[in-house]
Every structure is written in C-alpha cells, then in structure tokens.
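Consider the two complexes below, in which chain A is the common component and chain B and chain C are the respective partners.
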Partner chain A sequence: MRGKLAAYLGRLVRRNRVRADGGEVNANATRDGFVSDEFTASLPYWLPPFVVMGLAVYGAILWNFFLSLTDTSGFQTPNYANLDFEMYAKAFADPVFIGALRNTFALLVAFTVLCLVVGLVVAVLVDQGIRYENTFRTIYLLPMALSFVVTAQFWLWMYNQQNGLVNIILGVVGLGPYEWIGNPSLVLGAVVFALIWQFSGYAMVVYLAGLRAIPTEQFEAARVDGATTLRMYWRVILPQLKGATISASVVLMVFALKAFDFLYSLTGSYYPPKGSDILATMMVRQAFVANNRAYAAAIGIMLFALALVIVAPYLLYQYRAGEL
Partner chain B sequence: MTETNALSGRSWRSTALYAVLVLLVVFYLLPLWTGLVTSIKADVLATAPFLPPAPAGFTSVHWTRAVNALAGGLVNSLILAIPATILSALLGSMAAYGLTTLDWRYQVPILMLFIAGIFIPYQAVLIPLSKFWASVVPVSDLVGYVGLAGWVGDLVGLILSHVAYGIPICTLLFRTYYKDFNEEMIEAARLDGATTHTIYRRIILPLSVPMFAVTLIYQFTQVWNDLLFALVLVGPGAGAPVTVPLSQLGASLSEVGFGIRMAGAFVAALPTIIVYVLFGDQFAEGVST
Partner chain C sequence: MARLELDDITKHFDDDGETIVAVDDASIDIEDGEFLVLVGPSGCGKSTTLRMIAGLETITDGELRIGGRRVNEAKPRDRDIAMVFQSYALYPHMTVRENMSFGLEESTDLSGSEIDERVESATDTMGISDLLDRKPSELSGGQQQRVALGRAIVREPEVFLMDEPLSNLDAKLRAQMRTELQRLQEDLDTTTVYVTHDQTEAMTMGDRIAILNDGLLQQVATPLEAYHAPANQFVAGFIGEPSMNFFDVDLEGDSVVGDGLDYPVSDDVRAKLDTDALVLGIRPQDIELVEEVESGHDVAVTVDVVEPMGDENNVYLRLPDSPAGETFIANVDGRTLVDEGDDIVARIPEEAVHFFDRRSGEALRNREFDDEADVDLSL
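Entry: the complex of A and B
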C-alpha cells in the first residue's frame, strides 16, 4: 500500500517537473541546491523500489530487533513494553547456541579460504590461453546454478556409507568406509567439501576477471626479469588480485551464513545432521519448531551483526576506491 | 637440440595442463554423472554408483515417479519465478536509473543502503516477514474473497517477498551497467527536449536489453533455487514450490530411495540447467558483478 502511495507521490512530482521543463537550461544552476531538478526527476524511479526494499529489509530488521528484546514464546503476543537483552544473555549461556556459533565460524573460515584457493588455482590454469576455454569455464561454474536442495541430494548419495562413491574411491587406497553424514566430527568437513565443489567455480570466475584486468606487459616484464612462473604469480600477480579476493570472500562468507538450505535438505527436516548445526539452522528451528520467537529473533539479529561486520568494511572499501 | 628440448618441454607442460583441466571436469561433473546413472537403474546397488546399468537393469520408473511427485511443485515454481524475476528486474533497472544516470547529491548513501541489502541473512527478517503475510496483510485470507484457495495467496506473498529482496542485487547489476553509459548521448537527448521519462523509455531501456538478460537469468536461478522462503511462507502443501517436495523426496526409503532422489534432483534442476546451458555467459556475468 505504501508502495502505491509512493508511486502516486512520484507521479505528482514528475508532473510538476514536466511543467518546470521550460526552464530546463537552468538545471545546472540549481544542481548544487539540495532539491535539484535532477533529484525531483529521479524520485519516481528510485523511490518506489527503495520504499519496498527499505521496508522489507530495514523495516523488518528493526521489527525483528524489537521482537528480540521481548520474551515472546509459544502463542503469546509480544509485549513491547517490557524490553531487555535477556534473550542475548540466554544465548551465550546456551550450549546449543555456542556449538552452532562455533560451527558457523568453522564453516565460514574453512569454506571461504579453501574456496578461494581452489578458485585461484583453477583460474590460473584456465588463464593459460587454453583451447575450449569457454567449455571448461562453463563446466566448472555449472554447480553454482543448482539449488542447494539439488546438490544436497547428490552429495547424500556421494557420501553414502556403504555404497557412496566417496567411500569407494577412498577404499581403493585402503581408507574407510567413513560415515560422513552420520559422524558428528566428520559431517562439517563433508559439508565444506560439498560447498567448495559448488562454489569454487564462482571464485574462479571472479579471479579470472581479475587476471584479465592485469596488463599483459606485467606478465612479460616479470618473465624477462627471469622470475620463475610460480614466483611471478606469487610476487607480481597475487598482490594485484587483492580486489578480486576481497569481493569474492565477502560473497562466499555471506553464502556460508546462508547455508541453511543445504543443511535442511541433508535430513529433510529442521534438525540438520548432528555436528552441523549452524546459527542459520538453529534460528529457523527456534522460530518455527520450538516457537521461541524472541529467542529466534535474537539469533537472527546476531547473524545480521555477523554479516554487517563482514560487509560494512567491504562497502566502505568499495566506496573509497570509487567502485560504487 | 636445445630448441627441440624446449619444444618437448612445452608440449609436456601443455599435456599436463590439459590433463589437470580434464580431471577438474571429472571432479565437477562426477556427482551429476553419478546421480544420472543412478536415476536409471532398476536396482541402484546393482553396479558401482558411477557405472551405467546393464541394458537389462535399465528403468525409467524413478523418473516417472519423480515427475509425478514434483509436477505440482514445478508448476508452482514457474508461477513463482517468472513474475518475481521480471518485477524485481524492472524495479532494479528503475532504481539504478534514478541513482546513476540521473545525477544528484547524496545518491551514493542511498545506493549503499540498496547494496547492503544484498548481503542480509534472511534469518534476520524471517519472523517479521512471516508475521507480515500472516497478520498485517493476510494474503491467504484476502484471496478467499475472490474465491481462490489460501495457497494461492501464500504464493502471491512469496512472489512479492522475492521481488522485495531481489531489488538490491538487481539494482547493483543495472548500476554497474549504467555507470559506463555515454553521458554525452543522454545530455544530447536532454538538449533536444527529451524528458526524464522519455530518456528512460527511449534510450535507457532499449540499451538495457543485454543487462536484462543477465539480471533475469541470475534472478530466475535464485528464486527457483530458494528453499527457506518457500518453506516458511508457503510450506508443504498445494502451493509448495518444487524445492520443498524435493527436500522430502525418498527420505523414508534409505538406499533404495536414491533412484527417485537422483531423478527428482534432475527434474527439479532441469529448468535452471537449461537456462544455464543456453545462457551460461550471462549467468557468469551476473555472478561476477
């Protein structure tokens, strides 16, 4: 409804602007004023989407924050008169939360770092002026086009204890069979490996774009200097991929925070395999199974804070570099 | 002599390079290939998981069952993904135009708010979102007044949610595109007396076609693949998008269920795989922006 109102206001504003169009030549003169012609003219375009997005994202986060300060559970209506940080204190005294927090960090760090390494290596290989480059690249990126629900089905079969391909391959060198999904100390590693399979193609694409942006002369100059290929990549090329590394790692970390879909699909329930509970799965379970809405809201806010810690410096960096 | 050495060194190096690249192809395709051959085996344990069945052991029964189990979900996913994709792309293009081509002060802070929206973990908005569609705007009740089933309303709520949360990434995609537009061209149109609206309709939109392809493909894949919103806002039942029944498929059947699970995974993924094969370059552009 508010979107409609904004659209109406937008039309109103635009009509006024059309009327003022006779004095269009003056546009630059008023440019420095707060309400410039360009500004009023721009409103109907960005304001409706901004209102929709603003309410859905920032409005909802604010609502969620206040909900997290209540102690709503079960079918009570939240009492917004009595606000405190009790749910946050409860979280840090809850061993389930601490475990999920630890798993979240482990997943975040292991997945992001390994994904970047694999992506970089593959990107360097693809960048060697190979034939059929497009085909190779397309195949490496394919898993990313698939749903977490789909890839979880494939990996459940790959990790099957008796008949899965992973244990068959390991059996050739005399290892296993391991219970990848059922063993709480192995499952997180198995999940990380599957996610690397799915997203290293993304890291490759970002690195490839970074590599292509480096002038060819630099590769040649380093070669004339007698640097070996490995040293050249380490000393000359890698430092220039800083931008690609930063943007790829931010996106990958945020993906890791969202890994709910994959973990849910491993069991088809709100209870992921033992040992792989992360904040994303715990929050949804607390909200829609246990019905502890205030507690779930607090976990959601902490996830948001985590994302903010990752994203805010990145946006600032992009802003300073004039990339936005 | 040294020349032939260098040559053979180079060809050895290139052979090794291609060997590694092919091994990587095997790595990325193996889970898909294993799934595919498993989905056509009458007895999924008859041969090693990566080997196709013997001619006598071939069956299409898993595929038939998977299609039957997921047909309704596929239809729902199409009803969901197509309008959600088009709407968020349009709104993204509009926002990017108002924040890029039109030039005014303080547009960058507004833009930052849009971009930060890309990285929001949905868990931070999930309870308000479900409350919103349940009690503030109870879509599933509202559609009852026009004689539609409640799940149609749930689906409408899901579509609009995907539109709202898709706006940030669509805006960013169009923003990076519009930033490189030739300013003189737009200035010239303005001097000819074109209004902001005419410039958008006649110049910006027609030039945006390649970016619309990128955005539509990216966003379609995102919406189609989502499980969390579908689960919370619609849940299992008549309105469920395909990811919801897929996540339950064959779970009660242990090993024997992997035939139908693998077939189901392909059935549910087929639209995104087709889109990816046809428009892989646009998808790559979408993810790397």
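Entry: the complex of A and C
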C-alpha cells in the first residue's frame, strides 16, 4: 500500500517537474497506462502504412473471402445477404479443380525438392575453393533475374519437337523426339525442369551462405573423426544447413504457387498447355474468362490457405529460434 | 601408441605464383608416449606442422611416419589420430554423446553397445557424465573443452594432436585444465603433439618442447634445457617470463662494452666467444639489486617503473646513458622495496650471463647449468 502510494506521488512529482521545465507536455496524454505519450507521438509514422496495408492487403483478403461465400457470376452485384460454402463444395466436386490441385501439389513438391537438391550440390561444388568462384556464382544465379516471359519463350524453343535443343541432344542417344509441351503427361515435368533451371541458382546462393557460416573446423573435425566426404556432408554439414533449407524452401514454394506467369507465357492465354493447369491458372480463368467470380474467389482463398500452410513452419522455426 | 617421426618436413604455400615457405625442413622424433609441445609466435608454422601430421594439409617434401609407417599420402581417417581444435569444433546439432560417438561410428566397426561403453568411460574420465544429453550450446566454455578432449580420448588413437586447446579459456580455468591435461596424458600414455603460442604452457606441460620461428625449427629440448641452455637468441628471448634482457655489446680486451655497459669477462668465458659482435643476455630473475657497486659486474642504474606482483616485483631499470623508454627488467623478491626514480645498483652475475653471436643469433656461451645435477634432484 505504501509502495503504491509512493509510486503515485513519484509520478505526480515527475509530471509536475516536466511541466515546470516548460516542456510542452499534454497533461491528458500522460494518463498512465492506457494511452501513453510515445503511442500518440509515434502514430504519424506507423498509422498510414498500417491503414494502407490493412485495407489493400488484409481487407482485400477478407473481402475476397466474403465474395467466395456468395454465388456471384457474370457482372451482377454480389449479394452478401446469402452466404454459404457452396463454391467450396462445387470445387471439390469439379474434376478440373481436383486436377489443378493435384498438378499444383506435384509442381510444388517436385520443383521445391529437386531445386533444393540441385542447389545444394552446386553450392557444395562451388564451395570447394574453385577458381573464378564469383563468376560461377553469378552465372548460376543469372536465370533468376530473367522474366518468366523470357524464360518461357526460351524453353518453348528448347522443347520444340522438331528442332529444339532438348530433342536434338536426346536424339544423339537415340531417344525421342518427344512432344514436351504438347503431351499432357510430359508437360508438367518439362515445366518443373525449366523452373529448376531458373531457380536452382537461388537455392545455391542460400546454401552457399549457409555453408560459409559453418566453421572450417567442423569439416576438419569430421575428417579427422574418420568420416568420408559423403558421410561428413550427410551427418555433420547438412543438419547444420537446416535454417538455409527451410528459408529457401519457403521462397521456392511460394514461387511454385506463382508459376502462373510461366504457364501463361507458354501459350499466351489463360489456357495453359493441357496437363499443366494449376490452381493459379484455373482461378484467373474462372474470374476473367468464365466470369465465375465467386468460384474464382473460393479458389483464391484455398490458394491463400495453401500459402499460409507453407509459410507457417517457417514462422514457427523463426519463432523457436527467437528471431520473431 | 606410436612413435611419430617428422623427417625433413617442408611445406610450401603458393600465393599468386609466389612460393611461401611455411615450414622448412623440420625434423623431430617424438617418442612413444611422449608429450611434445610445438611453440612459437603467430605465423611460425606450428599449426601448419600439426595440420600436416593430421593430414589436413599436404606435405610438400619430407617424410612423416607414424609407428614406422609412412603416412604422407594417407587420409586423416587412415592415420589413427585424434585432434582437439582451438574452437573445439563440436558438432552443434549433436548431443555430447553423439559428438563423442561420431568418430567411433565413422572409423571403427564397434557395435552400438561397445561405443556406448567407451563413451561412458571417457565421460567418466573427463567428469562430464551428467552432460551426455546436452547440446554444445548449453555448455560452458570449460565444459565444451572437456567434451572436445573426451571426443579425442574416446577414439583411443595412436597420437593426440592439440591445436591451442586452452586458449579460449579464462586464465584460472586454463591453469586448472593445464594440470588436468598433463595428468590425463600421463595416465593414457598416448603420444601427444600440442601446439601453443604460450611459453608457460610449453614449459609446464611438455616432456620436450620444439621451438619454431619463421618456419624454422630453432631447438628441440626439454623445458629446462631450452630455458637454461637456449640454442640461440630467439629461443632465449621466447622462453621465460619476463623475457631475457639483451644488450648489444662488443668484445674489447678483457670486457664487453655496450651503451653504458662495460662488463668484464673471465678467461673461461672469453675463450668461448669467437666473434667480437655479441649480444649479452641475462634473465631478469638472475639480476640482483644491491646498494653499492662492489665489482665490475655491478652496474649503477635508475629505477624506471616498478610492477608489484605480490610475491615478486618486476623492476624496470635504466642505464645512466640510455634514452628514456629503453629499459631492462630485474625480477626481484616482492618484499624488496624500491621506488621509481631510485638510484640503485644492478648486479649481473657472470655465471648467469649468456652470450650470442649478434649476426647469427647462435648461443656462444650459456649460463652454468648442470644437467646431471638436475636429474639427480628430480630422482
């Protein structure tokens, strides 16, 4: 009781002293606890971006969610009075949606895993203290700087059935020619390969940074401990690249979800090559070709949920590591 | 356990077309069970030598033999060695148990239970049994150090290699681990090569010490030999704390003469001096402080600075003619009361004086030191 009283008196004295100094302190703003001076003073700095982000991103997501609960199609005004999950039910009964979902997962998993493996192998090779290391690093990273429109066109040429480089090379060993883009059972693999070509450089850079952070003594200790090179990487180095693996895979998976640009550029239309339809392409087609806006919104929300599921482990990892 | 032989070991590094000699023709014979300390200043090649023994660095020239077997080309895993790193290099994602069993899993065919047994007995020896399930990040520096040592002894190798293992510990813990390490090595009786830049560690731990400078082996000797009978001026200055005092002098008739110093030498001593350009060396511990000049070996000096250490004082003395800042050190009993600015007399006993060739640095005359007598005492 006495302690509280003393603290209160102390605050009173301090406040009076501030005002006695002639400082322009608003007596109302110093109401203890609830709204502090600092809070008011900092408002102009964070409030505008907060409002913009809140409306443009999170508000739009929320709006999209409500839109997905309506039955809107065509150019009619959405009727928000009658909300239900009809569009979600429709999606899971729609073979096109199931196919797109399957393709999305296949692309996501195959692309991410292979990209990480290729990136890791290249990073380990580049980390051997080779000559012109920086040059190699730049060369491997360069495809990532290219636009999807460019790389899609480039790979269309590469995959050309008659005179594409891929078929020419395979022809040397007596294989093919294959219809890489035209064959629905090959196209997804071809797209994954092209995307790996474009993004494995990114995985390499992330892994290279991770490898550099591991002290040389770790490698040496493992060698003196009798581990072969393969065992050393498997048991000592790779586990220490966990952070790099997680952050690289999150970025790669998000890229995989955005593969829309690449698929769009392959055909130049909302209809990607048969067999390569993913959720993103289907969503855009439903929204802007078929004009099923509520259906498209439902697909969008599911895509968003998918992205959240992907990012969640990363956030959890960061939180555990005390970086959040 | 094995004998470890370095035969004219040489290491060249290639730096942009320029050849840098890191280790030049080093030959050391390390007996089975011996504790050899490689000591020298930074960049002298001691770590490179150790890394060549470990197989982490290729050998440019010469031959390395472990237990009589040439191992120049052998991989680290085929050399039957264990190494303790300065940074400990514990695997951060593994527990203490996993850290210690890793080497056995990778290099032997022991079964899981045999490995567990060996790990547990090693942790008992190191007193870290209660830490088995912790990760390195949860251990203190001293505990990590013990795990690093445990990881080496659990392998039961022919040779231990230690690269400044104590330099990351605080002074008190370092002194404690020094003793413990020595005891451990005596118990295990494993051939050990220990690298340090700390001459105290070298003196106190080694059966023999090998002093390196600029890639050249200066001397391989017992600690007492290196201290009392250094092969050259570098060894004399490197071993001993505080360092030996050196004076540039010239032999003129019956005495050696330098800046502010005119020191008579006896015939016996003079007979050993085969050149005129000399360096006179005297250890701070051998200088006595007296009141009056009584003989030619007494020099009138001024006290510059006194560093009291409790049991002893380091007294910085200045010769009358020498410029400010140019001092030499006398190490005297802590109860000797001297103050800055005191005029006093330093007695430099002739039997404790060393002489070096000023050009080659080679020792021409070392202090009187009876090797035999010393051995008798230790028995």
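General observations
Definition applied: the second predicted complex is superposed on the first by the 280 of 324 C-alpha atoms of A that agree within 3 Å, B and C clash if a C-alpha of one lies under 4 Å from a C-alpha of the other, contacts with A are read in each partner's own complex, and residues count from 1 in each chain.
Please note the rule applied: a contact is a pair of C-beta atoms (placed from the backbone, for glycine too) under 8 Å apart; a residue touches a chain by one contact, two chains touch by 3 or more.
In this text, all values refer to a predicted model and were calculated from it rather than measured experimentally.
With both complexes brought onto chain A, simultaneous placement of chain B and chain C is permitted, the two fitting side by side without a clash. Of the two partner chains, neither chain B nor chain C is touched by A:L241.
When the two complexes are overlaid on their common chain A, residue A:D225 makes contact with chain C while staying clear of chain B.
Between chain B and chain C, B contacts the larger number of chain A residues. In the superposition on chain A, A:A110 makes contact with neither chain B nor chain C. In the superposition on chain A, A:A307 makes contact with chain B only, not with chain C.
With both structures placed on the common chain, the touch criterion links A:Y58 to chain B but leaves chain C unconnected.
In the superposition on chain A, A:W46 makes contact with chain B only, not with chain C.
Of the two partner chains, chain B is the only one touched by A:F148; chain C is not. Of the two partner chains, neither chain B nor chain C is touched by A:L69. Annotation: superposed on chain A, chain B and chain C show a minimal Cα-Cα gap of 5 Å. The part of chain B that touches chain A in the complex is made up of residues 17-18, 20-21, 24-25, 27-32, 34-35, 38, 44-45, 48-50, 91-92, 94-95, 97-99, 102-105, 107-108, 110-117, 119-129, 131-132, 161, 163-165, 167-168, 171, 190, 193, 195-197, 200, 221, 224-228, 231-232, 243, 246-249, 251, 255, 258, 261-262, 264-265, 268-269, 272-273, 275-276, 280-281, 283-284, 287-288. On the side of chain A, the complex with chain B involves touching residues 14, 17-18, 21, 24, 27, 31-32, 34, 36, 38-39, 41-50, 52-61, 63-64, 67, 122, 125-126, 128, 130, 134, 136-158, 160, 162-165, 168, 197, 201-202, 205-206, 209, 250, 254, 257-258, 260-261, 264-265, 267-268, 279-280, 283-284, 287-288, 293, 296-297, 299-301, 303-304, 306-307, 310-312, 315, 319, 324. Of all residues in chain C, those touching chain A in their complex are 54-56, 75-77, 81-83, 85-87, 89, 91-93, 102-103, 106-108, 151, 155, 161.
Residue ranges of chain A in contact with chain C, taken from their complex: 215, 217-218, 220-228, 231, 235-236, 239-240, 242.
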